[in-house]
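Next come two complexes, and both contain subunit A; in the first it sits with subunit B, in the second with subunit C.
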Partner chain A sequence: MSHGVGDVGKLPVRKFDALVVGAGGSGMRASLQLAEAGLSVAVLTKVFPTRSHTVAAQGGIGASLGNMSEDHWLWHMYDTIKGSDWLGDQDAIEYMCRTAPEVVYELEHFGMPFDRNADGSIYQRPFGGHSANFGEKPVQRACAAADRTGHAMLHTLYQRNVRARTQFFVEWMALDLIRDADGTVLGVVALEMETGAVMILQAKATMFATGGAGRIFAASTNAFINTGDGLGMAARAGIPLEDMEFWQFHPTGVHGAGVLITEGVRGEGGILLNCNGERFMERYAPNLKDLASRDVVSRSMDQEIKEGRGCGPNKDHVMLKLDHLGPDVILKRLPSIREIALKFANVDCIKEPIPVVPTIHYQMGGIPTNVHGQVVAPSGDDPAAVVGGFYAVGECSCVSVHGANRLGTNSLVDLLVFGRSAGNHVVGLALPGKAHRPLPKDAADRTLARLARLDSATSGESVADVAAALRTTMQAHCGVFRNQELLSEGVRQVMEVEQRVQRTAIGDKSTTFNTARVEALELDNMIETAKATVVSAEARRESRGAQARSDYPDRDDVTWLKHTLWYRDGNRLDYKPVNLKPASVEAFPPKTRTY
Partner chain B sequence: MKFRIYRYDPEKDAKPYLQEYDVALDPHDRMLLDALMRVKAVDDTLSFRRSCREGVCGSDAMNINGKNGLACVTNLLELKEPVELRPLPGLPVIRDLIVDMSQFFKQYHSIKPYLVNDERPPEKERLQAPEDREELDGLYECILCACCSTACPSFWWNPDKFVGPAGLLAAYRFIADTRDQAVNERLDNLEDPYRLFRCHTIMNCVDVCPKGLNPTRAIGKIREIMVKRAV
Partner chain C sequence: MPTDDSTASAPHDDRRFARLRWRCRRGMLENDLILTRFLDARGEAMTEDEVAALDRLLDLSDNELWDLLSGRADPADASVRPLVASLRAA
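Take a look at the complex of A and B:
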């Protein structure tokens, strides 16, 4: 561990054609393309691959297979654009919805244990915001394996990677991105957790698939490891982050525990009730009701609670009723939900409703990319110039298919579609024949300085305390409803927390599996993610999708139909246009969004 | 709440010891993992794995008052104090509650845990009858937490030769899949005095599985098919 600054020559270096950071659904879909094409590829992951948070996805994968009734990818495209509140790029959405059936069939061929219909085809359930014929009526589009779709998918992808002999670096944490003077990405500096060894992993293509950052909020459906590492690393390396103000609150997190109850419950017929036993969604979304888009349902719930119609002694949640579905449907289609409700809410949902609240769930923004997964950033006149050697896929990326609000089931399909396309793009570069670019001398300086500070600090603030302060601030100032006062104060407080992040100290100085060090390094990434979020949100003076401002209640397409780009350097903001032109079909011009 | 936790850091401890902790809990703390986080906030040198906190990722398997389980779905009300926490038995300890799971995964990999079907796939999905798909229920849900294999005496004695309950459950998951074409190779791969037949039906595995799965039943099924194949 005792490497000085400027010592890149002394750090061990391992070289690969391609490096994938992250072994969730997106990373492993990409690595499969790479390994099967015979590239030397290393996949780094903080946890054993099947422990990545994709494992927790419950409800389904969106694809217009039409197994239950007529469906069309154009309808899926329309729903996604409408769901995104027109902030999604229509060329990317077109590509995703058109390719979705193909990647789902592929996954089935890999061995995915989908539920089946009587005719042997894949079972699909209804989900929020998915409709037939451009919003006419709900459609069953979510391809499901009970309520364990993510688990089934992640294990299937891992298994397929075992077959392809993909090389995994398990319990390795990437710490920083390496770029040369031209800005080309050359790999990462990484920490082997078991030994504490720091190493440079050099590659001709580096792909981030590091997942979400839901842990910057206090109440979250996300795993502890979802700390926005990819975002932090990219931001420190000068790459902008796109649309970070847009965070999805899932309507149904278990009250108090945060654990998710899938929208599939409402897909199967579950309904939300206020303290009067009223099915309030009928008032807010007369057409799709409980299956309206997530931002709409979360806001309606928040409104009910604010107006005193919440349930329980503190009137701070609503009820999700599903007992009317009957034990057969619950045990067959929603077995894990029953388990979760029993364990985390003490209720048997076969008999009683589950107490739920809107809970932070998904980050729509991320590292800006094109449909090949190539990271893009403004350069000169080009708002989307390719950053050489750098790719991003999955929740850490922003391509942007989810815009201001993601539809349920559209993340898993995003992982598959863009994981594969990014993998294919890297394969197309014919990397095995090419040479590695030289590493700059200072490649590891920033990282070694961070590590040295943690090693030498003998007193300071506890990482747990500072992280808790960050979460409390984000929860209070970047919630379901926002306004100028809340956000300006939020920016101020987050910047204060940033000062504290610089002053943390850890008691554990061991090199062997030092989880305190890992958590301190994660905090460096959480703070970047939080800054990007609150600064972008403060600046956007309109309501669109998941960004709901009580002081600017309307969408403003004249001023704000554009993507935010946040730069770490000076907290600077820039904007770029939304792509409203699909490649092969007519555009869907913005219109008022009702469900 | 009182805890006695197994501690071992190879860099400074000549041998493992049990450390006592008494931590104040918050009324919202519900599961053992919540309490462990409280302990860690007081003593950040305590090392354990965790991620999903809802029983689906398989990270935080440990030996809790003598029985293997996941900290994140073990309710504090069920636990007798002082709660004694040890690493999963039978695997090398890296540090504190963190064990080296290589042997466990090696056995999992040894059963070829992937669908084998060399036929050209159809343009759409392969069809599978709902009844055939139901055969996979109780098999595919495994989270590879290793609670079962590290509770199995046969695995303790022969971790290099006996596949163990988790691996065998996975083997049967593919044998039972109507889409898989390698049933014979899979059976050949297990027909060995150790790989399958070291199981003495002690049922520890069933007793501890946090997902309610039944490896013993799967092992029985594999044996049945082997017998049928032999006649």
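Take a look at the complex of A and C:
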């Protein structure tokens, strides 16, 4: 790699109508729309499309089909708004819940092997937080394909994309966004992993679908690939990140490994115990006990550990006991759980409890967009001015339908609804007839400088050490329970880690599949995501949804019913109002969130 | 695939191994963890044959791979059985 800085002319350029970065559920739903409309579409992905993290989703896709009993999209809308602790934008939530049945039927039509009822209709399972008649009673709303919903969805979308002639660039990593002097987005600078070549992929519309950044925490259910690349690239290009303080914890990740133990275990009768063998959830949630919502259970576990009732030599986890269910139930109704416990906790759960901790699972915040997937940022008086040529969908985006806390099964529906609507919006621009805007001369400077630094540094910090320091800091200072002291110190430490990120060096300078180089480049993105998270959390002096502050235990709608916007430049925060006005129905005014 | 002993024990080609290492990045954390453990312990010493076998395993979808690694299913392809056994022990 010997490209000089300042001369974009030396880099190879490939041009497309539309470029999608990310081949998970959201990216492939969008690209399908584009390719079927006859646009030239390139989809870039770090890994083979069907190995995107969407493959890990088991629970299902939420849509008010009403196949099991009466259901209505308004009830789904209410559940989502309440789940979001009123931070979700009601126009976007309305759009998502209304459109959900349509995108599920569309997916069925594409060949998705949904579980079925005897009458052939799609079977729907129960899921936490799904209710009929505005919280009155539970309703079965989750559409699934056994415990492999994400897998089935990715395979279905991939096949359709191949048929529609979407061009996949597999094992390519986007490194930076290109914007011109007007701020219009023109494409990305990308690395072909096989050859180490750097190229410019130029497009009339660029869409990020890069997924979440769960790997910035030490305890995470996310695969290694989730390093927040889209967030890092957007932040470096001057685009703000919205509501990054809100991260969902899953109560039962295997201690030390992160691997998720499904809620189904507690559904079947598994219970959580502290070091005294006490079933502590009886104290925190006398009615629902171990089946209370994710945030309630996570906070209770954290409290037990903080108060010295954790288990193990370091008293840093609690136990999930299920041996009383008997081997039959465990083996038949909870497939994989025994294998997970054996492999990652070294215990046989038929005889012994599994050590678990609240574990980072999902990022509610992201790149701010409207319901068309267009990226928006404040400009002049407009809090949501469109950034030309730029779209974001899926977990890397914030539209915002999840607000301060995501309802289970609402991510997969978010991918489908907004993947499609963003695709449709791009199609509506009639791009094939239009010319590409000229690339600025310095389009690749920043990227080439980053690469040149890595190539020339002969000594420095190890990428693995710095990444580990970042994860430990985030876990300790921005975990389940937060307070001013922890967060202020967290901000200080993350800024220190940032200095170290700039001093990393890699021993391996080879060009072919240089994983060390890729990991160094991913760290550049993780640090931006971490800064956005801890700085936004420190400033928000209230508890709402997934942000639980022991020093500000209540929600404060007077001061804090607003979205956070973090800017990399100056590590600065701004805020914008929450949209409380749906387009076609009455608003759901904020009230206390109790289950 | 080579079968005589001299190639079976041949040290791996660095470029192929580099590609393999990246392809061990998966969509499921379960697989990431097992593959990383294995590569950290055995990676540098892997023979060309083992690299080829792992390459074939990595073509599987994440769920199929996890079924093999967790012991819920056995490989149909006999040539990958020794490798699957080592991965299960990792």
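The working rule: the second predicted complex is superposed on the first by the 507 of 595 C-alpha atoms of A that agree within 3 Å, B and C clash if a C-alpha of one lies under 4 Å from a C-alpha of the other, contacts with A are read in each partner's own complex, and residues count from 1 in each chain.
Just so we're on the same page, a residue touches a chain if its C-beta (ideal position, glycine included) is under 8 Å from a C-beta of that chain, and two chains touch if they have at least 3 such contacts.
Since we're looking at a predicted model, the values are computed, not measured.
Because the two structures share subunit A, they can be overlaid on it, and in that overlay subunit B clashes with subunit C. When the shared chain is aligned, subunit B comes close enough to touch A:R116, but subunit C does not.
In the superposition on chain A, A:E268 contacts neither subunit B nor subunit C. In the superposed model, A:D91 makes contact with neither subunit B nor subunit C.
Of the two partner chains placed by superposition, subunit B and subunit C are both touched by A:K343. Of the two partners subunit B and subunit C, more residues of subunit A are touched by B. Comparing 165-173, 183-191, 201-209 or 219-227 from subunit B against subunit C in the aligned model shows that the clashing stretch is 201-209. Overlap of the subunit B and subunit C interfaces on subunit A: residues 47, 50-53, 55-56, 148, 151, 155, 194, 223-225, 257, 259, 336, 339-340, 343-344, 510, 512-515. The touching residues of subunit A, counted against subunit C in their complex, run 46-47, 50-56, 148, 151, 155, 171, 193-194, 220-225, 257-260, 335-336, 339-340, 343-344, 510, 512-515, 518. Put simply, subunit B touches subunit A in their complex at residues 9-12, 28, 30, 40-41, 43-45, 47-59, 73, 75, 94-96, 98, 101, 105, 109, 112-115, 117, 121, 123-130, 132-133, 136, 140-141, 143-144, 174, 177, 179-180.
Within the complex formed with subunit A, the subunit C residues making contact are 14-15, 18-19, 21-23, 25-34, 36, 61-63, 66, 69-72. Of all residues in subunit A, those touching subunit B in their complex are 47-48, 50-53, 55-56, 65, 101, 104-105, 108-111, 113-122, 145, 148, 151-152, 155, 159-160, 162-163, 194, 223-225, 256-257, 259, 336, 339-340, 343-344, 462-464, 506-508, 510-516, 519.
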